[in-house]
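In the two assemblies presented below, chain A is common to both, partnered first by chain B and then by chain C.
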Partner chain A sequence: MPRHRQFASSALLQKIARHSLALVATVLLGGFLAAVLVRLAPGFEVDERQLDPRLNSESVHALVQARAAPHNIFSFYVRSLERAIHGDLGTSISLGQPVSSLLRERAPLTLRLVALGLILSWTSAMALGLSAAWLRTTAYDALTTVLSGTFLCIPAAVLALLSVLWNLPGALAIALIVFPQVHRYARNLLAKAYNLPHIITARAKGLSESRILFWHVVPVVAPQLLAVAGVSVNIAIGAAIPVEALCGLAGVGQLAWQAALARDLPLLMNVTILVTLVTLLANSSADVIGHVLRSQQA
Partner chain B sequence: MRLFRNNAWRTLACAVLLVVVVVSLAANWLAPAGYAKQYREATDAAPSGQHWLGTDEIGRDRFARVLYGTRISLLLAPAAALLSTLMAALIGGLAGYLGGTWTRAAMAVTDLFLSLPWLFLLITVRAVMPLNVTPLASVVVTFLLLGLLGWTSAARVLCATAGSLRDSDFVRQARALGVRPLRLFWLHVLPNLKPVLYAQFWISIPVFILTEANLGILGLGVAEPMPSWGSLLRELEGLVSLGEEPWKFVPLVLLAVVVTSFQFVLSEQQEAAA
Partner chain C sequence: MVTKSRNAILVSALRVSALCIVLAGFALAQGGGELRFCLHSEPKTFDPLKVEDDASVSIRYLTGGVLLRINRQTQALEPELAQSWKVSKDAKQITFKLRSGISFSDGTPFSAEDVVYTVRQLMDPALHSPTGDSFRSGPGIVETRIISPTDISITFPAPVAGLDRQFDQVAILSAHSPKKEMAVLGPFMVADYKPGATVLLVRNPNYWKTDAQGKKLPYLDSIRLDIQPNRDVEMLRFKRGEVDLINSLDSEYFDKLWQIAPQVVHDAGPSLDSEQMWFNQVEKSPLPAYKKTWFRSASFRRAISEAINRDDLSRVVFRGHAQPAVGPISPANKFWFNAKLSAAAAYSRDAALKALQGEGFQLQNGTLKDKDGNEVVFSIITNSGNKYRERMATMIQEDLGKIGIKVNVVTLDFPSLIERMTQTFEYEAVLLGLTNTGLDPNEQMNVWLSSSENHQWNPSEKTPETAWEAEIDKLMREQASSADARARKKAFDRVQEIVVDEVPFIYLVNRNALSAVAADVQGASPVILSPQTFWNADRLEVKGERLALK
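Then we have the complex of A and B:
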């Protein structure tokens, strides 16, 4: 294997190892912070059923015993970690169901919403960005910028409310929230790429637009667009909270919102760690693929 | 010509922001009855000479609530932005200036925060706080959280800028002359971070305004009866059609105008930071 190839593959392996380490560190650190917050939250060892006057002292004592937890946060964390390794993420205080089964029930809907929202937002952002770069008309460029700027100035929750008002699907609301962020970057990147000397020359020589796009523009903008793709996953997952909460969709976003309103910390912490892992995975994948593309270009 | 046009837009944006701030500060004179007074004989009323934007479902004057809500959002969002910028300067700036392990550790923590969706992080921390706090405390808690959790992206930029300053000639010369590291950071590095700090401060304000609005609509922001743009926008939840009660959209229009104005002012700051 040539020396530069060996160097590139070892750099790639290092990058993957670094990202994997970050994922493990996130789980451990995030888990610890979650355990601290849950353990120190006011009323952790109290069960409201203790106030039920119908229960006798033995029943109340049994409830207290069931809720009793180690006072040392580290041992509480280790116990929680052991349980999590065996698939037991605890029980939701507000819903009275195992957290793992709640997540299993609700994750598919959120994944579908986020995936559809991302596809719609990227398709529309790229279509508008590309058409603006091809047409090079100030009026059209201004129109598309104003359109995305308008969505940028409206809170995500209001877009979710408007989608309910107009009977639009939740995925479209997520797309409208993600679209302006993607469009802003895509438009600038594409406009810059189409002004590169070799692309202007290719256009002047009469190359077809599709050939210019796939052979000359895409290799230039792909690494940066991949970075934006990672960030857009983060935005789309964040948008799932208002969209699911206000559109009445039973996904992970709605679960997080309900848990926050009910101060159901065990559930909220597990949802947050899960969401962090998904976004970290998306960002890491985008970074590794971008690295591969850049090293191939070099 | 283009520069002139850009400046004209920025001047207009600044003028709009100034008018909105002045009008909201004059809320005590423009709406002397206050935001909590209930007109029980006129609940959910349409706009009239007495109530310019009508009343809400429990008879509170909507115009007064919009004015006071604007004042809260426009005063506390910059306060939260100031807090987050200071934290970013301390964490990012200092880590970038110290370099090595400090930079790597600070960036690892920053990346961890950045990988967490903003709203998930906020509602998680908000849920740990008591939800039955007094209205005034809820305002402080909401914006304090925004300030305490919103420093990460600014810290990243400041870390990179401070890192480049660390290797600049004047810092090397000062170090060679025996200036102590903290004094060097305070007297020589921090003043050179000012343009980036200003830009980050301005960028944070519309972000915090929009985030507070999102939290308010979800019922996790400022508590009743205190108004804020978020709590005012909750009224849109009950609408059946757009044309039904258009006056209920006034807070949304005002918020969009303010955020757009900030975007125009920001374009200059972003150029300065670049």
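Then we have the complex of A and C:
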């Protein structure tokens, strides 16, 4: 193996190791912070059922005792991690069901929503960005920029409510939340790429647009777009919480919302760990792939 | 609560059997159609004895078979699985004569053994369910005796007030069915459960009831319960024709629906629920001593009550779909309401101010001050997100401002609110509602007993701190240990009088029982008692095309 390749693969391995280490540390820290925040939140040690006038003193005491369990949050967290290694994520306080089965039941819907939302947003953002770069018409460029700016100004919850009102799929709401973020970067990157001297020359020589795009533009913009892809996954997952909660979709986002309202420590801690894991994996993957692409270009 | 392993098995078993049950359901279809409505939360359990949340209560009502049932329309107790019953004079024993020839949904025959099994499970001290606790009036063991295959007696260690009516909440379990709590005696049975999405109920082919023409009940083939916490989405879906019923309809939505389709909305009049406000009277609370003195003064509380315009609250906040409250029992509770109580505390700003001045308060430059010169300022906390309570609090703020009292309104999320009310006592006044599910005052026992945690204005008193609280304790215990309905009524009438006089709770309004029923649902007759619209679910039918409202 040539020396420069050996060096590249060793750098790649180092990068992957660094990302893995950061991922584990962040997930552990994120889970712990979530647990601490829930534990310190006002109303953690109470249960709405305490107000049921039909319950006698013994039953109210039993409810209070059940809520008052984890006094030392650090030892609770360590014990939870130990159990998690053996596949036991604990039981949800508010829903009374194993957290693992709740996540298993709800994750597919969220994954579907997020995946569809990302596909829709990326397709539309790239289509508008490319058409603006090809046409180079100020009016068209302004129109697409205004469109994406409009969606950027609308809060996620409003888009979710509009999708409920007009009976639109939740994935579309997620797509509209992600779209302006992707479009802004994609448009700028593509416009910049199409202004590069060798691409202007290629166009002047009459090369087909598809050849210019795939041979000359994509290699230039791919690493940066990959970084945006990682960020867009984060935005889509973040958007899934209000969209699912407001549209009444039974995914992990809705579960997180319910868990937060009910101060459901085991559920909220595991949902935080899961969301942190997915977003970090997306970001790290984008970074590693970008690194490979840059190495190949070099 | 569904245990870990049981839950997993339950969901899998439900899914595997769903297709078979649905196909069997089609074969046995009565042509009554499918009824659709929303549950506002995830059902926490399908075990009828552990039920405590609204969603599980609805499922228990639709699937559970009970010995006796309170007719939601007449409020009278009617025989169901028991064809007759008798309560002993000391209110400790009840004897049932059961119907014969009845089977659970899976074909397991129903017998006295099932009643014994159910009562034993229900009275397990570790259960901690509201239904079980309602029967626990004293220490000791509950004895059950099978007299014959259709006769059974149950003896409680202490008198249980309203003993027979409490069996309305007890769905009978099978002692022998391998399906455990999924074998039911009610009109419907659970066929499928998609967590977070839907619960599908199909007609129980072994349901024992028939109509006057001898046709087997229920008419409906199935009921689809969509889990939908968002009431706005529920309303939209109703307008689109995707759901058929809405219980406890919002008054704003009631008016909107009334404008486009007046035939679908129903106002059954005042419900059992009340909206109320109370002051913190806890001695150990971290409030300044002068504020504790105000709040513990009955004259101060009465004056505040008098200064609140309840008619305006009903008219403005609830758009006329509420009635000014009189006391702890709503006039909708026909038997237990004390008709001698005059109308709600008459609104009189001048009388309120005069009463306060009689207690040494002075109005100086538009600000009310107590005899030590302390400005009368307090905050009302209520739960955030409840627009009616937020509006009520704002109107109370305006009313009290007219007599120089400054009120701050603070909204908190529910867990924070409960923490302040029950643990830290860091509050001055609370505005909340009381949801009454039953008619019997015994269901409020833990609110009135001074030693109880739910004695909200001053919980867990070691001994009653006032003479009137001691009298309420005595009266509540007296009525709870009597089987004589008239004696119980007399005692509870007096409790209502004391409460109206001493004002530990300032009762504000009784909200009306509003509901919506789609035009394609036949046989519906919404009532004030829960479950308002589907209390007669076994006699409902869905016919015709579902149409969107425009």
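Here, the second predicted complex is superposed on the first by the 252 of 298 C-alpha atoms of A that agree within 3 Å, B and C clash if a C-alpha of one lies under 4 Å from a C-alpha of the other, contacts with A are read in each partner's own complex, and residues count from 1 in each chain.
The definition used in the following text is that contacts are C-beta pairs under 8 Å (C-beta built on N, C-alpha and C of every residue); 3 or more make two chains touch, one makes a residue touch a chain.
Since the structure is predicted, the reported quantities are computational estimates derived from the model, not experimental observations.
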Please work out whether A:50 is in contact with chain B alone, chain C alone, both, or neither, and reply first, second, both or neither. second
Tell me which partner A:165 touches in the superposition: chain B (first), chain C (second), both or neither.
both
Partner chain in contact with A:186 - chain B first, chain C second, else both or neither: neither
Which of the two partners, first being chain B and second being chain C, lies in contact with A:149: first, second, both, or neither?
first
Task: Name the contact category of A:256: first (chain B only), second (chain C only), both, or neither.
output: first
Next on the checklist: Contacts for A:84 in the overlay, against chain B (first) and chain C (second): which applies, first, second, both or neither?
Outcome noted: neither
TODO: Could you tell me if A:246 is touching chain B, chain C, both of them or neither one (first, second, both, neither)?
DONE: both
Check the residue A:174 against both partner chains and state whether it touches chain B (first), chain C (second), both, or neither.
neither
According to the stated criteria, A:59 is in contact with first (chain B), second (chain C), both, or neither; which is it? second
Chain A residues where the chain B and chain C footprints coincide 41-42, 165, 245-246, 261, 263
In the complex, the residues of chain C that touch chain A are 1-2, 4, 7-8, 11, 42, 44-45, 52, 125, 128-131, 133-134, 136, 194-197, 227-230, 232-233, 236, 240, 412-419, 422-423, 434, 437, 443-447, 451-454
Per the touch rule, the chain A residues reaching chain C in their complex are 41-60, 62-63, 91, 95-98, 101-102, 105-106, 164-165, 167, 245-248, 250-251, 254-255, 258, 261-263
Counting only contacts in the complex, chain B reaches chain A at residues 108, 111-112, 114-121, 123-124, 126-128, 130-131, 206, 210, 213-214, 217-220, 230, 233, 236-237, 239-242, 252, 255-256, 259-260, 263
Note: in the complex, chain A contacts chain B through residues 22, 25-26, 29-30, 37, 41-42, 149-150, 152-158, 161, 165, 234-235, 237-238, 241-242, 245-246, 256-257, 259-261, 263-265, 268-269, 271-272, 275-276, 279-280, 283
